[in-house]
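Structures for review follow.
Heads up, the next two complexes both have chain A, just with different partners, chain B and then chain C.
Then we have the complex of A and B:
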């Protein structure tokens, strides 16, 4: 503890932002992104052509009404059991892929490959569960065996796919940003070919595996079946988050990961094994994204099918909005769950394409990565006497 | 200068050697075998032309990336610039054609619009990473993700589908006399204007970086910004110029790919750009920030990408199409593995405070 305390004091000045400031930056970023989103909706409403415009400003016709969209978004995310379940379903998935970005980030590494790890993990789960379904016992025992095996398959496949860029980095010095980015494209194509050639379900059209047996499905409690959301799985996800928090804060490996992220040279000089830390954090990240893929198969779709949602990329946004802090992941994941769930409702009710959520996701990432913007704005507001930031404006 | 001549000579020698080996293999291959069919498909001017065409977006992305990175800014956003440029070029062509402008003129209008939008996006990126000191990797990533959302969004609003209708392409420009040359003629002198542009831009970029004042400033920005500052040149402004040049080149890449090859915008999945910007990043790592060698790298990756159109037609080779699409990415990983560490600009990714 004393060593950690000393290191903390030593590097405290380098970290820059206090926790309070980070929360403020995140909130401001979300507010700004939503404001920008409203402007985008207004612009799109002007450019689109529709039968009956819903908004008139100074004689100009608009097809979409931004405030109505915002209202539908919130209502579509919370009001109703199905809607709430859908929101929490996305939140659950985002927790896994968010962790997958957060852990390597703590070690100073960018894992942009959660999407690929998620896709291959989900394929591993679907194929693995179908493979052992024949020999598994029936009833509750069968459910326990199949579900835990499914999660394990996802973790192993995803973990291996996370290990690869880690290995390429320690062995060949390849930048993990580039390799993980490229690995996403490889994963999508490889999964498609594997399913198309070997695991395709002949009885229906499209590239997808057979459905996993009903006993292996994670059934919803409290929420309607159609929401595809199980409260137990959310609790499991939160448990994983807590586990990672404990790993990072209370174990030697976690300490070494954080030391690597803060000051790699000092950490290596202090005896941290750079290779092990890199491999460990990347493999763990891949495994957790793979578990996310397993949950996607067992809880949501029940099989592997083409066109997986960009959960891995959302995870990056979730983690960055949470300052890559496991404690912040749930509120951040919930926010993106709301955007995703409400976005689907928005498309149905107002006709604004749900791709808008992707735009907001990018804007939030961009703004959170730019604390300086808000600091400059805070300074300006302070100079005009509008707000009082106190003395830490220069911090 | 001498080092570059040596590199170019080595490349030409290596390339000629490869062709000779393939020709030799072609003679040795038993007639009617799969090997013979594959070699026939590859030793063909049509294949060489398609390699040049397919290389365009990757090559321009690589050259764009070089200007940003040489100035000391990591630019993961080039993929996003390509996407935005691709979409806006198609939108403009569609709008101009609707307004009754001749298709040929509309295509060039779209090309210009694509470049302008890409420059605009680059300017926004530049303001964020230079003025507001964003984390460069995350900001670039954000540019990509925003583009990945904006492009299908706009396409849905305007065309009611994530994929745009077809707007046509530039076609081929056949240069008189030169295109009559055996072998080289149909490959180099009967090609898309974008291919000519690529072959001309590469030496131009090389010259700009190496021998112009702006080029020297940009290189100093990436390697020793303090020295540049001491000499009285603004580091921020030079970096901004580097990023804008990056936008210009990526704009040409995105619009050139769309209007020179595909003829439409596809917004599903990772869009029609589909990682070509990221391949560009690897191409300039491969070329060690030399524009000419980087374009060579782009051609290398393109030669695998172009294989899929050729080898698909060989019935005996029953390889699924998607596996060919992934081939360039796998090759790129292998190339990076054996490349070793490249010499990156010393101040890459670091902010520079001028008022210190």
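Then we have the complex of A and C:
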């Protein structure tokens, strides 16, 4: 079996579970990962050398205190307007890139390319907004024009970059796992060259575009400026999530996407156009990742600059933790937002390297991707009458 | 003769109140073939799963060789000599016959590091020779390269190798050609001659009468009767099975044919491997006519049907509906033209197994106006449609929220047939429409086909059951190696003559075109 086939089967192993089981699996994975992460932090604290150990157990000195780390992590994510804003900022971005993985997944496709779609979408937004800024009106009208144009630029460029691997698949049968993965590197490199050669801001050092005009920025409401977070944008993101949910559950295209994802041969029997469905889901996914890129430019950094955060890759984990179900994306995105946001605080306050928070994130993904363990545990508990798990499928 | 298996008062209730078996008594003589006969959902398989240790009975006792036993797992059953051969094989395709048979029961050497495959091979050859299985020469061949019939014999040898004395066969002929089924019954004889006991689950009357010594009829989870096969008739068994009189022969009037509905000319089609499977076929189906396609499986039926229905591209030639060339039309456009299609591979093609029946009722009907309100799917309307299918075609369980996967094969088939027939089609392409369904439903499906024909629907019928083709069709095209050997009227040929044509031998005395 090919590598991508194995990958598909690995992810696909999640699918056979019922809704109730999936929720249990995800919660169990998170709880286990946190527990295991604490042990790892304790171990790292034993191995590290420091001047003033914070924890003594049976005479052994530890540099890091796991409960303190957990406390700081949660406090750093929620306590304070800035902290909460920072958490929700990440959550917002994860919603877009998470959807970008979830939609093709429903069609039986693996879009590993949200990162590239995100990067090029954000470049499209930055360049596009700067391009039309000169002719846009001022004041509120200008803000409306520039912001909607910016989102549209991101969607179009990202959508095109999602369309490409879709086209390569329907036209030449190229495996989308491979193409979308490799397209990420192409996107990063192409964006760098374009900015470096044509759009670079000469006034400051580094490879970045000029800042978009102040009117095009998505201003924070209720949160401090430094949090770079707008509640309206989060609401917009949730609206997009709801829209995707509606698309999948209530429209013919959504039905056809799900039929193709579940059983391609039966979908063909039912008159589903495989090529259209592939192109549609890949393009939509790219467009949504591109909108994420637009939000990143207009809400967070205000320009395109090198070194974008790997939110496209994180989106895969967010989506899988949510069982690729739009309904689960918000809690899942929030958890990853907390880890991202609180993780920054952990490093500052406790001296625990942020890589250890990365280990925690890795553990969550790892444990979610190995659901069999939890499924068997759940089955065992069910057999002993300890828990009652619904056996209904979707809907 | 002694009794090999005795079931006493077996009742199996499932959570939710479904009673699959209700106080069933059964005694199976050693060295005999005992048939369990019943419709889809009558409780045959459940009863045998109780005997095989897959289910625990709610009430009642199982006796093997006169001794009360409790099997918690199939392993316990195997150890007491009870083996089961399922309809869907439990073989690992890429592994050899030898590896499959030895799997889990390998005699080891070198202290557990190696498998003593010479010993296994010798035993397989000995078993094959003793019972005439003919798999002695393919011991080292991967199972996937064997025919379905041979794979089934591998299953039998595997069960024998594990020391089984009592064999349960769950609808074994569903996957076999008629010739392979004959061979299986020969295997039954060999096994019983050696003192083995066979319990054979089926819903096919002719098979029951051919193979059985005794027949137990089940209906709605209850035992109706146990009778000797000798002296029983199909009519009487059908009545016991269904609970009313069943018309086993089709009563049909002459066709009143209208305009040509489907016209295929010079059609050539390749299969996935690029081999030409349909080679220059011409055929017309008129309104109000059933055109039957007879032929041994694999002579191009699947490819012909898939090219007509728009699943598969064709190489050359054309397909027209009502005089209009639809060769380049997509599958969904052909559905919109009023084409219904019952594919032979119902599990792969006709149903999304993980979807519930509501969503499956929608499959193929996505573009229909009555299932839509604006841009949205009207799921309530789809659900009503699902309920209609379930009620009209007696799909069990009658619950549209269960997944298609959870239905038995016969009920899946009834659901698919119902969905395609209730679409009010102008053209029906039906491949094996009654495969796996019980006699009661078969009668109903046949009636529906004839009723649609009389309303002026054009029907292309492909079936491996020769009786079905000859009794329903107005004309029969005999397909051999991708082209029609002849097109005949059913009244003018005997089954023997059809058999010769199917083998590719043209008989000038038969032709009546």
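Methods note: the second predicted complex is superposed on the first by the 359 of 395 C-alpha atoms of A that agree within 3 Å, B and C clash if a C-alpha of one lies under 4 Å from a C-alpha of the other, contacts with A are read in each partner's own complex, and residues count from 1 in each chain.
Just so we're on the same page, a residue touches a chain if its C-beta (ideal position, glycine included) is under 8 Å from a C-beta of that chain, and two chains touch if they have at least 3 such contacts.
The model shown is predicted, which means the values in this text are computed figures rather than measured ones.
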item: Touching partner for A:112 - first (chain B), second (chain C), both, neither; value: first
item: Which superposed partner A:174 touches (first chain B, second chain C, both, neither); value: first
item: Partner chain(s) touched by A:132 [first = chain B, second = chain C, both, neither]; value: neither
item: Contact breadth on chain A, by residue count: chain C or chain B; value: B
item: Touching partner for A:200 - first (chain B), second (chain C), both, neither; value: neither
item: Which of chain B and chain C A:252 touches, first, second, both or neither; value: second
item: Partner chain in contact with A:269 - chain B first, chain C second, else both or neither; value: second
item: Which of chain B and chain C A:38 touches, first, second, both or neither; value: neither
item: Chain B versus chain C as contact partner of A:55, first or second or both or neither; value: neither
item: On chain A, the residue positions that both chain B and chain C contact, one per complex; value: none
item: Complex contact set, residues of chain A against chain B; value: 40, 44, 47-48, 110, 112, 168, 172-174, 177-179, 181-182, 185-186, 188-190, 192-193, 196-197, 307, 310, 313, 316-317, 320, 353, 355-363, 365-366, 368-370, 372-373, 376
item: Complex contacts: residues of chain B adjacent to chain A; value: 76, 128, 132-135, 137-139, 141-150, 152-154, 156-158, 162, 269-270, 274-275, 278-279, 281-282, 285, 320, 322-323, 325-326, 329-330, 332-333, 336-337, 340-341
item: Residues of chain A defined as touching chain C within the complex; value: 250-252, 255-256, 258-259, 262-263, 265-273, 392-393, 395
item: Chain A-facing residues of chain C, complex; value: 311, 330-332, 334-335, 341, 343, 345, 348-356, 358-359, 362-364, 366-367, 372, 375-377, 379, 401, 403
